[in-house]
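Input: one structure, supplied below.
Each chain carries a letter (A, B, C and D) given by its place in the written order, and its residues are counted from 1.
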């Protein structure tokens, strides 16, 4: 999310690589040490649609941070888009990835401390919480103390990056390390620059050498002359989000020293063990995330992999008539059936996960209509039975298809012949990490849950009032 | 490209499915029999970006035609975008796919006959040529006679659809059938409607039953009450464009009674015969077109297929810094390397075709940089050695990498270890049609070439003056 | 409306000077003899808002015509904005000022003759009628014969200018000369150019010497080398619109050899004769048109002229809350009262004319509220009692405040102390022309009225369905 | 500039009335006590062009302030447009009219006190200076103390209005009262609301009763329940800007208990005393400001007043070809000559003031070309010989036509027959105030001038770098 030297354009190119993490809004904040100015540009929609060459003439400076918004809380107005910046405390800009689950409590404290809150964004809250804890911005220790103040007040999840006007760039990752955050280094013409990003794919594209993940509870500060400072503020139990491995992160990325592509292949080979009894003609994937696992399943089972559904890659957010009311219409225009691979065939259909189940039900219907003889559905994620308060936008329980239902009930609802879910053990084995956050699969919450109820209520009412 | 009943929205949804055929400009023309009005809306760029819900309120009527522009001739201004319509001869609107190769000659004739020509579009020429040949629009035979006049004056390629104001919809395909044109039928609540399209994928998405290809030299007229009229005006030798099979058409489509997916698989299995000697770890595809063939090659050779390059599906036409000068930058941001599938591996890399070779050279460099040990490049299309004057935008000879070069020269230029091209015989076998247009592969021109030189000059000068 | 050499920019500057004649839409059509291309750009609203520097790069050529739309018939869509052009008959573009009162009849004839009509604009009708009558565009006489065909088929009013592609510029004024049309000449560096315009103010601004009015029933053609041809096709009774003198034309203009400023002064001095009995402190004007007459009245009566109402010249078409429902709000924000000139004063308030009476009633209320002691209203136009079918957008009879009411009734409705209207005789004396068209004042229609009823009905239904 | 209840729309309507005070940029800031949110919308250009109905849905709340920008310092980017707001100190928004002449000095102090400065706007400086001085925002006295801190640190001129989030509205006028500031009161349905504005014309239009001018050195606070608090913080010598009376303020307004219309009439009758010797046919005004004085001169001299130049009220900021290089072109299109009132006439031409003299020279040329026999120029303002650092955008000395020149030199440069300037004594007599700020006429500066040189340098360099 950040680079030093020709910064805003690097950030922009980096955001293009991270677009899969959020398509709702985008923004870039740069800082120019010559004019001593912050320059901010936020917009709705895709990075590549909002930003054009002329916008960069106004985003000068050698420090910049950017953000793509994936809305989990709050109605999606531009005032809630990141980054944010404040004009007191010497000037601080910030963006983050995650969800502060005790946001209501902190907000009250900040207002008591004379801060005015102007949006529904968690990012504004973390920024002002940080500023509130910042007594002296003149020293690196002063900055790290303010990060400690954030850790002490704000419940995870948050991976944050901040511009300290005239000083440098600060990054920190919550004490549980729920959301990812990596950084890399590049030396050009003898000058060093650093970049922080949610995923390595953005660093690779910009020619940065990946250094390592920012550690849970760690704060890193890079000053204007590229001196690197780090402090391990807390050392808590790591609780990396399991859904990053199953769906969210790019297969080209690497996290916690593991290649995502390998993890997804292992998801396939693990679940293939449960599918040995099936007689099928082809394995097909619901594009695009599950293709890696589907290829791996096909290889393990010795059944040919075919493209049975192809995504129309031009549709994006195009207007589709009746798309709101009749989701079927939507799915039909976005996914084309490859008839010769479906008609009269027994299919193993692989998807990365099943949340509401709506899309899969429509896809099953499309395959049946195209003449599929048998449909054996496979989800490389175990049943999702609880909402997430730590950064993933799952719906309320009653909209989750797996909530309080047996697999056979879900199978019937999907209208498929068999349905096979990943097991929890196989998931951990495939990822190779034991201490994942699996709250959405019915596991333990990764943080204290004292304020979750208030948070859940707030979110519910916002969803109802939202558009 | 056309539907009857709620027409413009159907056409729009159809254009979304045909977007791969042209991303430069788009347009929809509707005709409303109640107001007796033509309604036209053209725009730059993608269908889904240009059209929004409110635009359709102005595109009323139960006949509509649409177009996505893939520029082969002419500077890309909106005045050259299709469809076109004229206000004499009772009102006629038209769009087409293809290139009229004797356009200069017809233009002169039209001006002599008192027609004013207002664009650089072939479509305007075909439209006015049709109008020039139309003496009585009151009868179906009058329309067919005007189509004959077009056939007699305009050299292929063109697959055209026209709205005859107040009368109905007319479609015709040039006598050599170079460009595809299919049609389908739908019966809703007892009412019949017809739709014509370059590919079946658009008909499938809209719920039309595919009837058949429009035959080369055939004209079809559907009147306002959905009566169907057809006339085989000429019966010439069919010369279907080979590049449609190799690259252009969607794998989900069906043409001339063949599934594209099957043809592409056969392209893979045919070329695999030439690759048996290779020792490789993985087969990878240059996404997206060549994936089908790559999977088939992997299967034939018993070598695992892996995703080695992944396309960033959000980038589209986003601004990329230095993209004009340093194409490398562009390719690097659009394609991500999946490092674990490349590093230290011997790769068979499959692409559908090699035109200029620029992209492939960059990709080879990226794979080497990512640690690929061997790169064995495969093109499922034979060497392209001549430009196309019949609808495909290949560059001049001297920009074609294969022009007057041996395979080993090209291989060295690409910087790969081996390079294998499809043979002409294998191509014909894979497609299953003997009489393809293979002019770009060094074969015979599909039309008289008397005016090609003039046409080539005009196009050259336009390319030089263009932006 | 038209200039030769650097034409579109001259036309644009000319339209700025004619903006008072229509603020609804605007358009410029240029013809470039080098590319042989027509270039058209139409937009909603003001000329200066729609056109910007970059638009002119696309409006090349040394012939151009332009138009500002004042809607009298038809719903105001862009497709109805002028100019229009057609692509048959060698290419012809046209704009006009006026109203063809037998438009329905001509439309039928044109459709019979195989013309497709695509808008609700009279201009399209005149253009196609002209094209229909044009058998040979190669000679000047052929063009004049086609003008005669228009005169024979289309009832006045229309003052038209046309571009004949590759040939030159044609102007003609209907046989009654209801709407104005003048032309001027400029010699720059030995090269002659001509410009036609509704008013002299545009010619003055562009440095053209005013030559004369185009005569009723006359056609003028200027070819590409600036040769001038004229023909008096018909020589009918002249019926110049009286409202041009009273309100429409700029006081800076000159028409039929009379200065508008002088005419308006005489309107003041004539009506002052009726006001001698009044005891008043100040004469004030309802800005801006009536200021000239008000100054003249003040001079004649020996009563001081003061600015009592000042127009906010920035408001234009700005959004004003509740402006639709509560016209009062609107008027109050657009006109400011100068309190010291109103409070406790006996006022003679001069306006150019009274149509609906709504605005005047609100103004009277504002003046009363500001403390005016007496309000003596003066209209320099006689009572308007009938709609106009020849180019002025008066409402239907029942919305005209003077229709079937006595002056004392109107006075009471306005809420003023006295109300004095211009007499018919004084009006003619002030203008200095006897044969004015005074149909709206209850006089004889200037054309045959056979088709007026049909026209009135069509307009009524359009008004009802309009937005 | 501010209203309570339906606030942003009232502010918008008020800004429409104040548009003459600045056309460069505009902005509205509202505060909604229900959401506790600030809502800000700034744009380039005219209020009525930028704001449209839908923008108001996002400007909710019952407090709002607005601003129209007349740039005196700083390059005109949107980031410099007012109002501004900050998110610390409980949230404060502010707009002002004027120029802080020791801005560089205060900026340094603010940065030392850990404020980040993000624009070139004085308004941001006053706001942060106020925030810096605000130790307790809980009490009214705390607010007034912070105003005193501003008075102690920032040199005039500034008339400021501020929203204190959740508390109310604060207005204060610098200790010299250089720029105007008035307020009014309205009682609707038993509820009281207050509005502050630079001029009474905005209050009148919105139905507020004018209460009085805010006094120099006074601070006024209106809380959320419309309780009114005032404190006279300093009581210095009043130095009202003379140019407000001569040019800036609307003739419909009232300032310091004087009607502007009366003052302008007296400017005319005073200067008429110097013109008695002239033999002239007509008095004409350079529209629009000088019309009042011109009418008064005509009356005093017994010479008829005529409209000799008429402003095209549609042109505004329309694109005009060559307007940058050839100012003549511009003036010619913006002002039309009324030929019969000029040709062969001896004219007294009245303008409010002469700054650069460029426009007047062009006007004189236009009048000569139109045949004026004699031109007697009159300026109702004495010679302007010095730039202004207190809120009026006069150019540097060497661009002022009157700088170090005699009246006869200026007369010759203008190309007029005689030139008469207002005298200083007559000016004071006409305004009726002795203690005006007349620094631009060569009088004493209204503030300490210690920092003026630094300020002048900064402005000069900005002007040179500006576009």
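In the analysis below, contacts are C-beta pairs under 8 Å (C-beta built on N, C-alpha and C of every residue); 3 or more make two chains touch, one makes a residue touch a chain.
Bear in mind that the values here come from a model prediction, so they are computed numbers and not experimental data.
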{"item": "Between C-D and B-C, the pair joined by more C-beta contacts", "value": "C-D"}
{"item": "Centre-to-centre distance between chain D and chain B (centres being mean Cα positions), rounded to whole Å", "value": "62"}
{"item": "Centre distance in Å when chain B and chain C are each reduced to the mean of their C-alpha atoms", "value": "51"}
{"item": "Centre-to-centre distance between chain D and chain C (centres being mean Cα positions), rounded to whole Å", "value": "37"}
{"item": "Chain-level touch network, classified as line, ring, star, complete or other", "value": "ring"}
{"item": "Chain C residues touching chain D - in the complex, by the definition given at the top", "value": "9, 12-13, 16-17, 19-20, 23, 46-49, 51-53, 201, 204-205, 250-252, 254, 259, 261-262, 288, 291-292, 295, 299, 304-307, 310-321, 332-333, 336-341"}
{"item": "In the complex with chain C, residue positions of chain B that touch it", "value": "36-38, 86-91, 114-118, 128, 131, 137, 165"}
